[in-house]
Structures are given as structure tokens and as C-alpha cells.
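Consider the two complexes below, in which subunit A is the common component and subunit B and subunit C are the respective partners.
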Partner chain A sequence: MPWHILALALKEFRALLRDPRSRIVLIGPPIAQLIVFGYAATFDLNHVPVAIYDEDAGGAGRELIARVAGSPHFEVVARLTREAGIAPLIDDKAVLLVLHLGPRFSADLQRGASAPLQAILDGRNSNTAMLALSYLRTILLDFNRDWAARHGRPAPPAVLQMRAWYNADLDSHWFIIPGIVGLLTLVVTLVVTALSVAREREQGTFDQLLVTPLRPVEILIGKALPGMVIGTLEATFIIVLAVLWFGIPLRGDPGALYAGLSLFLLSAVGIGLMISAIAVTQQQAVLGAFLFLVPAVILSGFATPIANMPEVVQWITYLDPLRYFLIVVRGVFLEGDGYALLLDQYWPMAIIGGLSLATAGWLFRHRMY
Partner chain B sequence: MKKTSDLSRAARGRMRLRGMIRKESIQIMRDPSSIAIAFVLPVVLLFLFGYGVSLDARAIPLGLVIEQPDAATAGLAGAFERSEYFAPRRFGGIQEARQALAERRIDAILWLRNDFARRLLSGGEAPIAVLANGVDANQARITEGYVQGAWLAWLGRYAAAHGRPLAPPVALHHRVWFNAALISRDFLVPGLVAIIMTLIGSMLTAMVVAREWDRGTMEAMMVTPLRIREVIVGKLVPYFVLGMGGMVFTVVLAVYQFDVPLRGSLWALGAASALFMLVALAVGLLISIVSRNQFVAGQIAIVVTFLPAFILSGFIFDIHSMPQAIQILTHVVPARYFVAILQSLFLAGDVWPVYWANMGAMALMLAVLMALVRRKAHKRLE
Partner chain C sequence: MAAAALTLDGVRKGFTRGGRRVSALDGVSIAVRPGRVTGLIGPDGAGKTTLMRLAAGILGPDAGRIEVLGIDVAEDPLAVQSAVGYMPQRFGLYEDLSVQENLDLYADLQGVPRAARRARYDELMRMTGLAPFTRRLAGRLSGGMKQKLGLACTLVRPPRLLLLDEPTVGVDPVSRRELWAIVYAQVREAGMTVLLSTAYLDEAARCAEVILLHQGRVLGQEAPAAFSGPLAGRTFEMRVEGIPARRLQARLADVAGIVDALVAGDRVRIVTAPGFVPDPARLLPDHPEARLQPVPPDFEDAFIARLKDHDGHHRPPPQVTVKVSGSAGDEVIRVEGLERRFGDFRAVKGISFRVRRGEIFGLLGANGAGKTTTFRMLCGLLPASGGELAVAGHDLRRSGAQARARIGYMAQRFSLYANLTVMQNLAFFAAAYGLRRQRRRERLRWALEGFELGAYRDVNAGLLPLGYKQRLAFAAALMHQPEILFLDEPTSGVDPLARREFWARTNALAEAGVTALVTTHFMEEANYCDRLVIMAEGEILAAGRPYEIRQRARTVENPEPTMEDAFIALVQGREAAS
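Let's look at the complex of A and B:
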């Protein structure tokens, strides 16, 4: 009996790999995407263009400006002599930030008063503005502490000592690249399985398949296997690249990662087959896959945290298998998690996988044209 | 004599073109999947982004570990309990809190050791330890920023209560232009117009035209008197209308449903959108001609149009933060220019230097793409 299933799975593989363009599509784009997006998808700022409007030109002000210019996050690209010069620079996006030191800056500092430093930011990208402001605050805190120590001014009664776990340098690549493992695996697996039944429907061979001695369950397994195998290979390839090429630490148990991966693939294949069973043409199948993929990626916490979403939207995210797998892949990569800490992510994926496969099997039998 | 025959040739051309446009329009209307991409997807995307996607953290679960509670620590804890950014929870000891951090029940720990009050009173920089989960680096940094804010607010109150107003050597006053409250929705929704138009212009067009090759109806059309230019124009006009409709719909929802300000002029929005739509259509057409197969066209369209519009356009990830090589690469992503125009147009108003530079780049791309389409289409026909 299993030989029938194996034969069907082999036939699926052949159908997929026969067309040279389909072969390239399975291999080329994922690599290109991993490399490009691995570097491009970052929230870290460096070389933010800054303009300085220094009316004071005193030594203290120059020291502060030198600290800003010396930071890898900022790059002084312009110096202003008039206030009217500020607006065009920011409007045209020539600079993101203008620092304005008033004429009494050094004098205020020397006599022990608080010297105001004015920062004007371009808020069109709100996240960049917020991060630039936070880098600027850190530079200023250091400057204030050093100045207070040197000039005998009172230190603040309490100071913050901040440390980040799992990612001490707060490098956002460490967050995004493990996420790409989940993202690309989902895209490839879903498209491959979504097209499998739709292709046969379009060519009229699905009816022939249904009248063979194969039972619907066997057809289901035969159709699901290629997606599982391709998804596993794809994910393994990306995991290896993430570790060897991007240097992301893999701290946890790879077994726990692969346990999560197989459950995740099960749900991806199930959803792909469901879409495939509903779609009549290949085009509908691709569009259906796309209609699922976009919300699945956005609601997964891939780029923006689920905790920031409104309550109702947060409930919807529980239906998204990628949500659970992202926690697994980041947990194993960065936090060094093992099976025990990830149990709560495993079982929802198993339920989603089981339910979607069962629905797909039911649709195979009941949706006939 | 010759003149009348020329005229009737022109009239025949117009008639053929009208017929072609009519055929394409009917095809769009009849196919539920085209309707899904043109109308359902924009709505889904808008609501997902408008409501679902936010970079603004609030109610961050924060673990408080206070080893020796007293009046001084109560004041500091109060500063975090009052902040809208934090949802603090108390833990008896640091081990317990670390366990909660490892299990992802809290995102950060604020830890006051038992000598905090003593060092605070002796004036010697009492340490406040903050441990954040750094897996999501962006959120961790934002959390640290909020912690700094709450700490500074507490320092000010503490100093005032002890009769020595806080006078840091340099005090930062900041003003954020165009988006004073730093609402991430106002930043994300304008760029969404570019994503939705990319979907309609490039993805839908690529797949639909590829279907004609798949089914062999393209060859059938080739043997009709239709000229290649008429086929191309006839195919593009209905999708152009569809894409512009999607744009208007998105802008209306953005302004009235999500309260995103629209400070630039409408005609600039129309002109930039029309130009971008033509570029997107040309990309879609080129993909379909090159791939000639729906599966491949769909995959290529996702990889070279949708994902770059999402990640390489500055829509969510700042282009300025990318490595030099990738920054150069973003110049071939048409959405990059349109997103820059949109973000200025919605939030900053009409900034002519931004408009001209980006529209010029899009016009150049359009010219190159059209030349490519014509060459490729000819070659295939011979």
C-alpha cells in the first residue's frame, strides 16, 4: 500500500522539477532573498545625516558636537549659519536631524546652569526618528556624566545600567534573519502545495486520480510529501546560511528546532492543500496562497511585535502557524531554548496542521466539478 | 485617395483597440481572482496595516524586583506604574524574574538591589539595573528609551522633592516635524499606496498576461490584424484604471478611516500615481513576456515586485540604514521613488525637490522598461 503513495509522491516531484524555470524558481529566489533581505531588513541606524547650527562656537559646544560626529550612528553633513537654513535641509531629506546650540550654550554650561540643546527631527519615518532620538539621548547622558565629574557638579542620585540579554549589541539582524527562515519556508511550501492539486484540476487529471485505487487519504499524503521534503531542504539550507554566512548564533537544541519545523511544515502543507482543493485554476491557487501569505506574514510578528496590535487582532494571530514557528526559531537560535520551553508553540501548530489536512482531505472528495 | 485610406486605417486601429480594451475589461470582471486582488486585498492590507501593524510599544510587561522596599524605591516604582508604556509586575527575587524573562512572560526586568536606598541617600549614583530581552532588538531599544524617559521623570521629581532642582549640564529639547507624536501608522499607511498599486500593476498584470501565453490565446491574437502596440495598450488600459481606482480607494480610507494627514496637493498625488502605475504595468508586462507561464510569472512577480516593494522601498525599513551595496540595489526598485514621494506628500506637504528627483527617476525607468517590452514582444512574435 505505501508504494502507491510513494509513486504518487515521486510523480509530484517529477511534475515540479520537470520544468527548468520552475526548478530555478525553487532555488534561486530564496537564496537571493535571504542575502538581500538579510542585509536590507534592519532597524539599526548608522550614518544618520546631521546638520549643526552652532550659534555659540564655544569649546563645550564643540566637544559635544565632536561626540555626535564621532558616533557611528551619526554623520555631520552640513553646518548652518542661519535659522532659515533648517527647513529646506529637513524638507528635502538632506538631513534627518538638526542640532541647534544657542548663543549662550557654553556660557550657561560654565556658570553651572542647564544649557539647552535643541534637536529638530524629520518624523516622516517615525521609527527612525525615535531611534535617532534615543541614540542622541545616550550620547548626551555620557556627556553630562563626564562634564559633571570634571567640573564638580553633582551626579544624579541614581543611574541606569542597561543590559540586553541574548543579543547584547541589539543587532536587529539577529532578530530578522531567523525570521526569514520561517518566512521563506512558508512561501515556498505553500506555493508548491497550493499548485499541486490545482494543476491537476486544470489539466483534468485530478478526476483520473480520484478513480484510481488510491484512497483520498493516500492522495493527500502523496500530495503532502513533496511539500514537506522541499520545505525541510529549503529551511535547512537557510538555517545553514544563517549560521555560516550571517554568523547568527545557534544556541539551542537543533532537534527542538526541527521538531517545530516539521509541525510548521505540516500546517503549511495543510493550508496549501486546502487552498489547492478550493481553487479551480492555477492562477486562483497562486492568488489564494498570496491572500493567505500576506496577512500570515504581517500578523506573525516577523517585523512588528504582536504585543503592539489591538486585542482583537492579537486573537486572530493565534490562527497563524508562522506566529508559533517564529517563536520557536528565534527561541532556539538566540535564547537557547529546548523542547520544554517550546511546548506551548508546538501543540497549536499540530492542531492547525491536523485540522487543515483533514479539511483538505474532505474537500478532495466533496468538491467536484 | 491615399488620404482616405489612411484615415480609415486609423479608424480601424481605434476600433481594434476599443475591442481589445473591452475584451480585457470583461475578462477582469468575470474572473473572481482579479476582483480579489484589485478590491479584497487592498481592504485587507489597509486594515492589517492600519490596525495590526504598529511599532509603538505600549503596556510593555516589565518585571520589578525590589530587594528592600522603602519610600525611595516606592517613588521609582510608581514612576513606572504610572507610565502608559509599562505594565509592571512585582517579583520576589531576581531568580524568579529571570525565569519569567526566559519564558517570555516579561520583556524586561528593573532590579533595585538592597543597597539602593543607602547609596541613593549618600548621593553616590545608586545603580538601577535594567535587563531587557534583546531578541527583538528594535523593541528592546524602544523599551530602553521609555525606561530612560520614566527614569528622567522620576529624577526630576526626586530632586525637586529634596529641594535641589535637577540641573543636568545639557538639557535636550526636541521637536519632531511632520509627525510630532511619532505615530507609526502615519508613517506606514502612505507607503501602503505603493504596495497596493504594485500588487495590481505588476502581479495581477504579469499573471493575467502569462495566462494568455499558457492557453495559447496569445498566438491566436497574433494572427488577428491587431498590432503588437495595440495588444500592449489594450491590455494595459483596463489595469491602469483598476490600479488608479485602488489608489483613490486607499487614499480615501487612509485619510477618513485612519486619520492620516494629507498635506500635499491632490494633483501631485495623481501625477505621481499615474507615473508609478505605468512603471508597475510595464514591469508586469515584461515579466509575463519573459516567463510565459503562470506559475513562473506568479513566483517572479512576488520575488521581483512585491517583496522588494515591501522591504527595499523604504516603506518600513529605512533605506539609509542598509549597507551601501543594497542601497545601490534599491535604485532599481520603482516603489522606492514612489514611497519617498508618498511619505513627503502625506506628511510634509509639497516638497518640490523630492517630487522632481523621484518622478524623474520613475520616468527614466518607464522609458527603459517600455523599450525592453517592445523589443522582447517583437522578438517573440517573429
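Let's look at the complex of A and C:
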């Protein structure tokens, strides 16, 4: 690589690392987001507060209640003695679910009849209510099967034998944490590159740079390099933590992951420099970066599946480089995908990167202010 | 004698900057007398702004005692702040508020009773000439108008002591005169006491008394005339047929016994050391006809002589070598019908001029005259809307990197990397211009030594004193030995000593065949140019040699007009015509 481009990249690194505020941008968000996503954000429900209204007091009822209380998903926080106690608990969000065993629950079971059981749910957050209900169903299913076996009853006619591939325990961390590799790398790379040209415009140094014999394409490379290097380091940091700290399996070829990462970074750097070339001040650049980031994350499939989105919105997701990279990173981590399987994710990122970089380079000299 | 309006007694103040302790004021004792204008002058970093802020009660001193209007600042800073009007260098106007709203805001902040406002507003608007613009947004006023509005806001409630920190920097000559008129009217009519810091020495000469500050110490406090007293019989002007003033100045500046040599139009003004009797025959043996004309000393002579006494003699600027292709007198820059529009607004209205090799060519005009726009088009930073331009035969906007390697550019504001050290900045620009190995080392050494930056090698560029920032920017622009130099307001905000140093370097470059295009709003700097154009509102008002332009303003009352007189006459002539 020509010496003067290296000098420009070196200058970019220095400008970035010698400025205390930029250093914080590099170190703060990764750690904060890892903590937030690694620990706080999970789709699994744990310790759902539950109240038991047991009118039965029989042995079968006690066994079922013990199973609920022993589950890591539920925590029994109240025991009711009258029906009027249900409403206040749900209204105050003290419990999410009230399990009601009627007076004849154990007796019916002993008789061999089927015993109805009532679950009252707080349906205000439908997603959570459905999850809690499905946990309860699983417990009930186990209970039924065991009861049948112990009492010599015929087993239920059809039994579901479930096995989750790629994530045997259905631990949602396995889904979320590889996604953070993409999310965090995007945030840091975008902010770093979005600030780079805007900082120079704000300080008046960009003109000084443009009158040197450096060509716009050389300035572009010099400005893109630090973003690529920093993005790669950030991503590596999170990948290492994901494997060693969070225990997520890295099943595929790291080479395929890094191939995807470099194309993803290319597009992130391109978009960052494009924003930077348009912005006049650093403030505008940061605003612009977040204006891109929020939809990019929502449309990427990071949290909600793209297949659930309306069709028109699904088309827009094809413009989002994070969409492709999330498939790459999850594919390599959980499925063990290799190069060949990921090819269809690689080329759209390459195109987005190439186009955005070209636009940024053009804007360097043609942006008026 | 009445009690002083402002007294400083043994005041010290220091700051920590980038890990080192810098002393801004080092035992300053002064007394500002009431009811008159006192000027505070000194080079950059002398401590002028610190002194102003201490007097306004915004900063507290490390040691010493400050008394404002009989109040001890340390005991009751709030009482001081309400009795004092302070206008900082960059006054806090709200650019998105109108002129009237800004006034209202400051009237509210200063607790001016509503009943008293109308009359005060009318008076201020009349004085500042802003009455027709009360509804205009402050951000859309010209530089001079903004400054007048800032002054009006400071004066909304007439303070007993008015502190003005460099109120006229970057302001066009017409507005400058108006600002002074307002200040003097306050002193005359309201008996206000004014302390004003300035970088313009002609302004200092108008003050009743001048305090000269240097490196945090007071070098003197006297009437301006008294400063120049010791220089009687030591100031001369010299003009020699056949030697351009610039070259003559360069020759004379190196003579032992000559304290200062300055180009003044087509002549050179010299100040000699005490007891040195200059003999033209000895100074210029090859020009027996040379004559020295004794002239009365002025304030600037005294200022420079005193600072140089204090600092010792400055070293001559470094030797500059450039590979200049072609011969002197070739046309290097050609501008023909150049135009630039921003929407409906025509910032540059079809101007034409030519610059020849080895010339120092000036673009003179107030802020907003279109100088910088013209400049940016020439450097290829902005496309022209119409007309033609060529720099060394190229349109820099379209031509390749090789053409850009032949120019050096110094932007209006300090535009190097503030959080990189001096050395890192220089090394980066050396690399950007493709200097390598031996040549790179040579040029870096040249820059550090020639611009006396060695002591600041590892200091962040943003923390340098202003004069050193300017040296660094100049050094960076010269790293690759360009043959054409673009200098946009190179001396803005720089003190007189640094300004001289800058011009000495530029002169040496021009002598070596470098072409320099310089913009400036310092009218007197036009004298350093070989030729210049005066711009106003995107048009060229006058073009020619400095002497010719000044001659146009010659009248019976003013047989020796200054460049500023000429500029004002041109602007007024234009307004009268339209």
C-alpha cells in the first residue's frame, strides 16, 4: 500500500486515540451493550411470579403445585384462600399467572376422571402471557404422563418427542449474543467513521487535506482503514467473550465468519463515511448515524423475525447489511456453516459496501456547504 | 485625581494546560483612571483576556487584589458583575433570535426596567445604525453589524466600567470607525470608564492611556505619545529608485543598529537603536543617491521597539529554496469573469485578475466581501458557477494530484489536527505531499528549526499559543516547497510582532520566486503586496499597486491617505453611486 495512505490511516488512528472522547466511544458502548444484552435481554421467562389458589388440598394437587414451584421458570409468591384475592394480585402486576385448583381436583384424578384446572393470566403483554402458559403446559404434560405411568393408566394416545436442533436447551442467549457481534460492531464502526470526516470539516482540516496531492480515493481508503481495523478488533473481542464467557459454541469455520465480517465492515464503513461526508458538524454526524442505526437494527432480524414483517418492509431489509451479517454470524456460530452456504449473504454486503464507498468518495469533493 | 475605576495589585493567575502550568499574569499592578478610554495592548498570550476576565469577576486571581469601582472582586463578585459591562472576544449573540429579541434578552438578563427600555433601545439602535434591521436574525448580520449588536447588548444597561476584549477583530474599517464612535460617545456623555484590548496599534494610539502587557507583566502604562517619546530622532523613511520597498526592507532589517524596518507603501520605515546614526552611504553603498528622511515616531514604532528591547533581536527567517519553473513575470494565476452563486445569492460577481510569478498579490476586503469564496474556487475546493480560472495553467478542481503538489494552502482558521503533536502534524503533511526518507527528515528539521518550533515538538497543536499555531500552519503549508502559496487571512488575530515575522517570511519566499495570493482585512498589510484588488460584495472595487490605490483617495485635507482611508472612500463612493 502506498506510503501516504498509510500515513493518513496512522493520522486517523492518532486523532481517534489521542482524543479522550473518542476513546470512550470505542470502549464504553461495547461493554455497556454486552452487559445489557448478555444479561438483561433475554426472551426466556424466569422466575415468573405466580399465585396459587388451592381449594383442593389433596395429594395430587400438592404434587402438581410442587412441580410448578420447583420449575426455574416460576416462583410462587402468594397462596390465596378466596377467589376475591385473584383480581388485586393481577391488577397490581404482583403476579402474572394464578393457578386455580378446584375443590375436587385430587378426588377427580383418583377416580380416573379428568380434572379441570384453571389458569388466569395477565394478558396485557400477550407475548409474555403466551410464554408463561406454554411453560405451564409443559409442566402439566409431564405431570399427566407421570401420573398415568404410576397409576397404571393407558398413556396418552400421541406423545410429542421434542428435540431442538442447534440449541438443545432453547437458551435464547445463544440467539442473542452472536447477534451482538453484528450490532455492536455496526454501532462502533459507524460512529467512528461518521465522525471522521465531520470532525475534519468542523475543525477546517478537511480543506487542508483536499488541497494535498492525495486523491479522493486515497483519502477514502485512508479513512476506511481505521474503521475496518477497529471494527475487526471489536468483533473479535465480542466473539472471544461469547465463546469463553457466555459459553456459546462456535461450530463453523472462523474463516467464513471473518470473511463475512470484513464485507459487513466494508458496508458499515461505507455508510459511515457517506453520513460523514454529508454532515457538516460532528453533532450532525452522530445524529445521522443513529438515524441509520435504529431502523437498521429493527429491520435486521436481530430481535424480531424478518419473515413476520409486512412484505414491503421485507424488501427494505435487503438494503440492510446487518440483515446479511446476522445470518452469517448465527450460521457460523450455531449451524457450523461454511463459505459455500453463506455465499448468498456475502455478495449483497459487497455490493452495499462498494456503492456506499463510491458515493462517499464522490461526496468528499462535491458536497457543498 | 479621582479614585481609580479598576485597580489590580500584585495579581497573579496561572492555568494548567495539557499538563503544564502556564502563568498568564505574573504580578500585574495597574490602575485604570475613570472617565476615559484605556487601551490594553500586547502580543498574543500576553494575558490580555485573562486580565479582562479577572476584572469582570468571572475568574478569581491566584494571588493579589482586584478592586472594581471600589468593590473588592474577591469579596463580592456578583456586585462587580452587575456594575461592569463585559464584551468578550466572541460575544454570545443568539444567532437564531432577531436583533430586537437579542436586545430584549440582554435587557431581561441585566434587569433593565421595562419603562426605561424604549428610550435606551432607540438610542442604541440610532448609534449603531441597526434601527432598520431590528427584525433581522442576528445570524444574518455581517461581522461588523454583529459586533455592533454585541456592543449594544452590553450597553443595554449603561455600565460604569466597560470592558471590551478585542472588539474590532475581523471587522471592516467602516464598522470599526463606527464602533469607536459609539465607545467615545459613552465616555463623553455618560462618563463611562472603558478598558479595551486591541491588536490594532492605530486603535491603541487613539486611547487616552495605554497599558502594554507582555508575557504576563506590565511593560508600561502611559499616554500613547509618551510611549514614542524615547524614539524621537530614531525614526526614518527611506526610498531608493530601482529597489522595490520589499527588497529594501529585507536588506535593512538585517543591519545591526536597525531595530525595525517596515514597508510603508513605496518606502521603508526604520527605527534605529539608541545612539545609532544611520548613514545611507554605508547602508546602501551601491546606491549613492539613497536618502533618509527623518519622520516623527508613531505608536507602532514604540510598541515594536519596546517589545524587541525586551525579547532581544529576532532571528532572520529561514532560507527558502524552491524549484520554480518558468521565469519571473509569467502569468501564474488567471481569473476571467469568475462567478459563484449560492442559490439566488451571488457571492462573487464576475471578477477578473491576473497574478504574475513571484508576486505577492492581495485580496482585500471586509468579511463577506467574497474573498474566501474566490480563494476556495482557486484552490479547487469549490466549483465556479461561471467564468474561467487557471492556476499554473490548471483548473485545480479538475486537474490531478500533480497540480495540487505545486500549491501550498493555509486556511483562514487554524486548520491542523489539534490533538496531534506539532511533530505528528508536520510528519503527516510531509507524507501527504509524498516526501520520503532523507528529504522528509531534512524538511522536518527545516520546519522545526526555521519556525522555532523545536521546543513545542511534542505539544498538542491545539494547545499552542496563537502565534505558534500560525507558524506551524505556515510550516505545514511550506513542507513540500510549493511554488504558489494561498494564504487566507494568515495574520488574523495575530499580534504585530508575529505579523512582521510572517511578512518577513513571505517576502523572502517572494524573493525566491514563489507566488503568493493573500487575503487580509488588515488594510495596512496591503502595503506588503505588489499588487492587490479591493473587493466588496463580490465585486472588485479597485485594482493596482498599493500606492496607486491610495493615491485615488488623495484630497486637499488628506494628502497622504492610508489604505484604510482609500478603502472607506471606495466603499462610500460605491454607496453614493448606487
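Basically, the second predicted complex is superposed on the first by the 361 of 369 C-alpha atoms of A that agree within 3 Å, B and C clash if a C-alpha of one lies under 4 Å from a C-alpha of the other, contacts with A are read in each partner's own complex, and residues count from 1 in each chain.
Just so we're on the same page, a contact is a pair of C-beta atoms (placed from the backbone, for glycine too) under 8 Å apart; a residue touches a chain by one contact, two chains touch by 3 or more.
All figures in this text were calculated on a predicted structure; none of them were measured in a lab.
**Q** Between subunit B and subunit C, point out the one touching more subunit A residues.
**A** Counting contacted residues of subunit A, the larger count belongs to B.
**Q** Between subunit B (first) and subunit C (second), which, if any, makes contact with A:Tyr39: first, second, both or neither?
**A** A:Tyr39 contacts subunit B only, not subunit C.
**Q** Per the contact definition in the header, classify A:Ala15: touching subunit B only (first), subunit C only (second), both, or neither.
**A** Once the two structures are laid over each other on A, A:Ala15 reaches subunit C alone.
**Q** Just subunit B (first), just subunit C (second), both, or neither: which does A:Trp3 touch?
**A** A:Trp3 sits against subunit C, while subunit B stays out of touch.
**Q** Does the superposition put A:Ala84 against subunit B (first), subunit C (second), both, or neither?
**A** The answer is neither, since A:Ala84 touches no partner chain.
**Q** With both complexes overlaid on chain A, does A:Leu244 touch subunit B (first), subunit C (second), both or neither?
**A** A:Leu244 contacts neither subunit B nor subunit C.
**Q** A:Ala168 in the overlay: touching subunit B, subunit C, both, or neither? Say first, second, both or neither.
**A** The answer is first: A:Ala168 touches subunit B but not subunit C.
**Q** Quick check on the superposed pair: does A:Leu210 touch subunit B, subunit C, both, or neither? Answer first, second, both or neither.
**A** In the superposition, A:Leu210 touches subunit C alone.
**Q** Just to be sure I read the superposition right, which of the two partners does A:Leu343 touch: subunit B = first, subunit C = second, or both, or neither?
**A** In the superposition, A:Leu343 touches no partner, neither subunit B nor subunit C.
**Q** Which parts of subunit A are touched by subunit B and by subunit C alike?
**A** 19
**Q** What part of subunit A is in contact with subunit C in the complex they form?
**A** Within the complex, subunit A touches subunit C at residues 3-4, 6-8, 10-11, 14-15, 18-19, 203-205, 207-215, 368.
**Q** If you look only at subunit B, which of its residues touch subunit A in the complex?
**A** Touching subunit A: residues 31-33, 36-37, 40-41, 44-45, 48-49, 51-61, 76, 101-104, 107, 116, 120, 123-142, 144-145, 147-148, 151, 155, 158-159, 164, 166-180, 182-184, 186-187, 203, 207-208, 211, 291, 293-296, 298-300, 302-303, 307, 311-312, 314, 316-318, 320-323, 325-326, 329-330, 340, 343-344, 347-348, 351, 353-354 of subunit B.
**Q** Show me the residue ranges of subunit A that touch subunit B in the complex, using the header's touch definition.
**A** 19, 21-22, 25, 29, 32-33, 36-37, 39-49, 64, 90-93, 96, 109, 112-131, 133-134, 136-137, 140-141, 143-144, 147-148, 151, 153-168, 170-172, 174-175, 187, 191, 195, 281-284, 286-288, 290-291, 294-295, 298-299, 303-305, 307-310, 313, 327, 330-331, 334-335, 341
**Q** Within their complex, state which residues of subunit C touch subunit A.
**A** Residues 376, 379-382, 396, 400-402, 404-405, 407, 409, 411-420, 424, 427-429, 431-434, 436, 460, 476, 486.
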